[in-house]
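Each chain gets a letter, A, B, C and D, in the order it is written, and its residues are counted from 1.
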Amino acid sequence: MTTILFYLFSALLLGAALFVVLNRNPIYSVVGLVFAFMNLAAMYFLLEAYFIGVLQVLVYAGAIMVLFLFVVMLLNVQPDRPHPGLIHPDRWWFGIMALIFVSLFLLLIGQGVRALLTSPAEDAAGMGSVADVGEALFTSFLLPFEIASLLLTVALIGTVFLAKKKV
Amino acid sequence: MVVPLYHILAFAGLLFTIGVVGVLFRRNAIIVFMSVEIMLNAVNLAFVAFSRYHGNVNGQVFVFFIMTLAAAEVAVGLAIIVSLFRNLRTSDISEIRLMKH
Amino acid sequence: MAETLYLITLFPLLGFLINGLAGRWLSEKQSGYIASLAVLGSFLVSAQLLLAFLALPAEERLLTQTLFSWIPVGDLNIQVGYRFDPLSAVMALVVSGVGLLIHIYSIGYMQGDPGVRRYFSFLNLFTFMMLNLVLADNLVLMFLGWEGVGLCSYLLIGFWFEDEAKARAGMKAFIVNRIGDAGFIVALILLYHQFGTLSISEIAQAAPGAQIGRGFFTATTLLMFLGAVGKSAQIPLYVWLPDAMAGPTPVSALIHAATMVTAGVYLIARNSVLFSLAPATMSIVAVIGIITAFFAATIAITQNDIKKVLAYSTISQLGYMFTAVGVGAFSAGIFHLMTHAFFKGLLFLGAGSVIHGLKGEQDLRSMGGLKEQLPTTHWTMLVGVMAIAGIPGLSGFFSKDEILWAAFSRHEGFSWLWLAGIVTAGITAFYMFRLFFRTFYGKAAWQEAGYQPHESPSVMTIPLVLLAFLSILGGYVGIPAALGGVNQFHHFLEPVLAVYPGVGAAAVQHPSQGLELLLMGVSTVVVLGGIYYAYRVYVQQPTLADDLAQRMGLLHRLSFNKYFVDEAYHLLIVRPFQALAEGLWKWFDIQVVDGAVNGSGHAIARISGAIRRIQSGLIQHYASIILLGVIFILIYLYID
Amino acid sequence: MDTFDLLATIIKVVIVFVTILVTIIILGLAERRVSGFMQYRLGPNRVGPWGLLQTVADGIKFLFKEDIIPDNVNRPIYLLAPVITMIPAFMTFAVIPFGVPLEIAGHTVKLQVADINIGLLYILALTSVGVYGLVLAGWSAGSKYPLLGGLRSSAQLISYELAMGLAIVGVIMVSGGLTFNEIITHQQATSWNFWKQPLAALVFLVAMFAETNRLPFDLTEAEQELVGGYHTEYSSFKFLMFYMSEYANVITASGFMVCLFFGGWDMPFIDEKALGHWGVVLSVLAFVSKVGFFLFLYIWVRWTFPRFRYDQLMRLGWKVLLPLGLVNIFAVGLWMALRA
């Protein structure tokens, strides 16, 4: 059943992501992206990465996307004006590149990883708990963890500085 | 669960490509930014999948750091978009080309 | 002990920085005091080190200090390092001691000049560079000092740059010096190529035993000597020094008499080992030295500008020094360098005092009878001219006599050096007393011009008195053996100077002491004769001077016009160069160089006009290029 | 997962859902009756005995009223917003245990819909999602008062979530686990966290009021300024959904508070597990009465304190509660380090 659920969430996620990119109204995009992230969180749960799954909801859906929503509302962004024709004339080659990219990527995966790992590691069940990730964070990744806190502080200061009307 | 790893990776690749398409085609800076987030999350998914299939928690730690980074990045990035909007009255990145002139 | 070595150069550098950067917040007086204190610091440190030296046995008198690595490039590692040995000790003391007195003197002399802070900062910079020159442990640092003093010389000659003639004089000095410096640089390159190092002591150690042909040493030393000729104003590159008198008089005293111009002599003494290995160069040095001495002396006779007379006398005295080092009597050259610094500094400062008293008048014909008005200047100048003339008992006598004796005893074939030296000594006595008499005795020409001369303030006269004492006593450190002395100065310098075959202790003692005494007598008689003649011509019978000029006719014209050397240079070198330069400009520069540059410019503009389109300012274009890169990486991975 | 567990879970879900709905109905009446009591008036007392059916009548009225959708709204979002608000509000209660495990026919049934190993984070995560409902509701209405209300509410919720999280960290530190069972068992074994960390309890209490948008922090709907706040333009059943989610949130917050600081289902001085089925009944009663107290507290506070101004609200959150939460964490850490 979990397998079916996994594919279901994948499909929903893919649809949501396409919705984000393809529709013209930024607010819908934000809502779509929140939905996509919820699906992703569900996939993390299915992969038994509980902590990351909760973080996905808490941080991505709960904090980052609220910021996006705020900014969209603050700027009162209007839906994009439709462009005559399917694609902007000087952008058709982007599409070709994206196509080449994804096909190459899939080819590579098909070629290289198919032989590897078709099912999850048996001994890793429940590895994604808060305690496990926390232990890794505070032992072998302590320095990066501290640096990350510094990064957040810097971002905080930078954001306040940038967003102030007058400096 | 019997999902093969390469299915998840291929799916992550598709998701990433959707993000790329968003970055390349959309003119609204905020949407572009959101597409970048999609790309990041595609990578995160691959990390978590690898972590699960290899039985190694490090992949999840990476995701943790990517999330931290994304939070910082979004805060600063959105602040930039807001101040750009304040100055140029637009969030259309095809109009934001001060470096050109 | 060596730890304090860097202080010697640090103080003037600080003085330079303070005056140069913060000068606007300093009063005139403060600026002068700071500059003087900086030099006083250098002097005290040097003196303390010298005193410490005297307590040590001769072979231990060496201090080195490496401060930092300056130019580390591959195998070449030039370090800023100082070397304090008897030779650099003497030089450092002379530079900082005489420099100190001149700094103090300048406080009075430059009073009221709007650029006084600039003046003092330049003067400090000069002291810093000169001390680097003399203390340098390697030739590159020495060259830095060498060029640095050249720069300061240029800045100070053209100190009053509003006057175009003075600015031009500065440029002339700079350009003429460059000719010599080119030789110096080539010599450095040759030495590095040969020895793989530019440390003075390492080269001195390696050179004598090296399996190198004589030609190499002759070439390098000749090139070095070319540098020395430029810096020390010898024939044929002496023309800048008389013009350098455009600078303030204390500058002339410090740079163009006492210290910088002697750098050439110091260079040869410092590299005495190399020069000893090149007898041909040595001969050339001696010959050029004596010719310069004689030649400049004859010009000095007829000059009317008090500072020009002194300038030519400086050239002449430098010629003596080169004669000394050229015959291998390095210590005699340095000895004369030191005494010369005392009495020529004194003479210049005295002349400055006279000029100061006459509010800028420099022409001897407008002076006369100033004895009463400028008593201190008069007496100290008297000491100065007696010393330079070589009256027995004063410093100039001892040092000049040692040179003449060395020239005589060098070996038989070179005795004419001595003869020319004696004659020059006579001329020197004549023209120096001419200057003295015309300034202080005879008709007071200034009365007609309406001047009211006044004695200088004590801040200027005290340095004069001190220098007068030094001019008298300075010679007593080197009383020759013939007069019952032991020539301590010679023995003090001996460990760091090369022994040149044919001079040295053995050769000096070979001729009897009686002969030396006899030669001294001869030179004294000649000098006294010169003085007497000057007295007759300029005090007893003032009309005689013009008669003589009339009778000498051609000779007088030649001397008065400095043998038309400047004109000849202009005709032979400057004009052809101008013509060549103009030709190059009109054809080569405009057609070829500009054409190529403009052509490539147009080409670049066209290419970049095409490439510029990539720089669209659209983020998405850039992102797509990144994606293109990723695609290439993927293709590579796929193929791989 | 066998049939029994599946069945038990379904039953639990139904029970919890129904209980919450009933509680909301009671709360709706209680709010007005208590208000009346506090203001020396009667309150609704006509429908049914003592007015008991008043809320039911209200609900029916909501259902049958005309459903007005203003012209200027962004329809999809406008329709979606109440749902987004309501789902997390009802989902959060799932991890809160309301009694000791029940033994039935050899099976142990936890009196909790889902015992997941990150229960606390689950609640925080869902709370943060609930913000969208308010913001989107405010924005989609296409008029300025709701927009202001929505923006205020989201800023308020985000601000106070931090203080709330910090207060919880202290509890997690002493109990060493992220599930409610671990926290409650730990309190049972030692003493209620309220006695150990009164500062954290205070911070949590204030943050809880702010998180549920209740007075004195109901700036999102401050009638005098913003008419009805984010739900001004909503009517009929959609309004009811907002109304219900607010009460559901209040109930969950009370349960949360009780579990974290007041021992959950723990009845002091009694070992519920030793008493068999009576123990279960006792524990459920203990939990219900504790939650009831906090529900009463909500109403009590409502008629006691005046509303905060917006800047005061922000200052309180960032400059008072946040530092206090940090102080609590440091104090707990110090205490643990000294004891270790």
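Just a few scattered comments:
Criterion: contacts are C-beta pairs under 8 Å (C-beta built on N, C-alpha and C of every residue); 3 or more make two chains touch, one makes a residue touch a chain.
The structure presented is a predicted model; accordingly, all values stated were derived computationally and were not measured.
Chain closest to the overall centre, judged by the mean of its C-alpha atoms against the mean of all protein C-alpha atoms: B.
For this pair, chain C with chain D, the centres built from the Cα atoms lie 94 Å apart. Chain centres here are Cα averages; for chain A and chain B they lie 6 Å apart.
Mean C-alpha position of chain A lies 29 Å from that of chain D.
Mean C-alpha position of chain B lies 34 Å from that of chain D. Contact of a single residue of chain C with at least two other chains is seen at positions 620, 624, 627.
Within chain A, the positions touching two or more other chains are listed as 51, 63, 91, 94, 97-98, 101, 105. Among the residues of chain B, those touching two or more other chains are numbered 20, 24-25. Under the contact rule defined at the top, the touching pairs of chains are A-B, A-C, A-D, B-C.
By the touch criterion given at the top, residues 615-620, 623-624, 627 of chain C touch chain B in their complex. Residue ranges of chain B in contact with chain A, taken from their complex: 1-6, 9-11, 13-22, 24-28, 30-31, 33-35, 37-38, 41, 44-45, 48-49, 51-58, 60-61, 63-65, 67-76, 78-83, 85-86, 91. Taken together, the chain B residues at the contact with chain C in this complex read 20, 23-25, 32, 93-94, 96-101.
Across the complex, chain A meets chain C through its residues 91, 93-94, 97-98, 100-101, 104-105, 107-108, 111.
If you check the complex, the residues on chain A that touch chain D are 27-28, 31, 34, 38, 50-51, 54, 57-58, 61-63, 65-66, 69-70, 73, 129-130.
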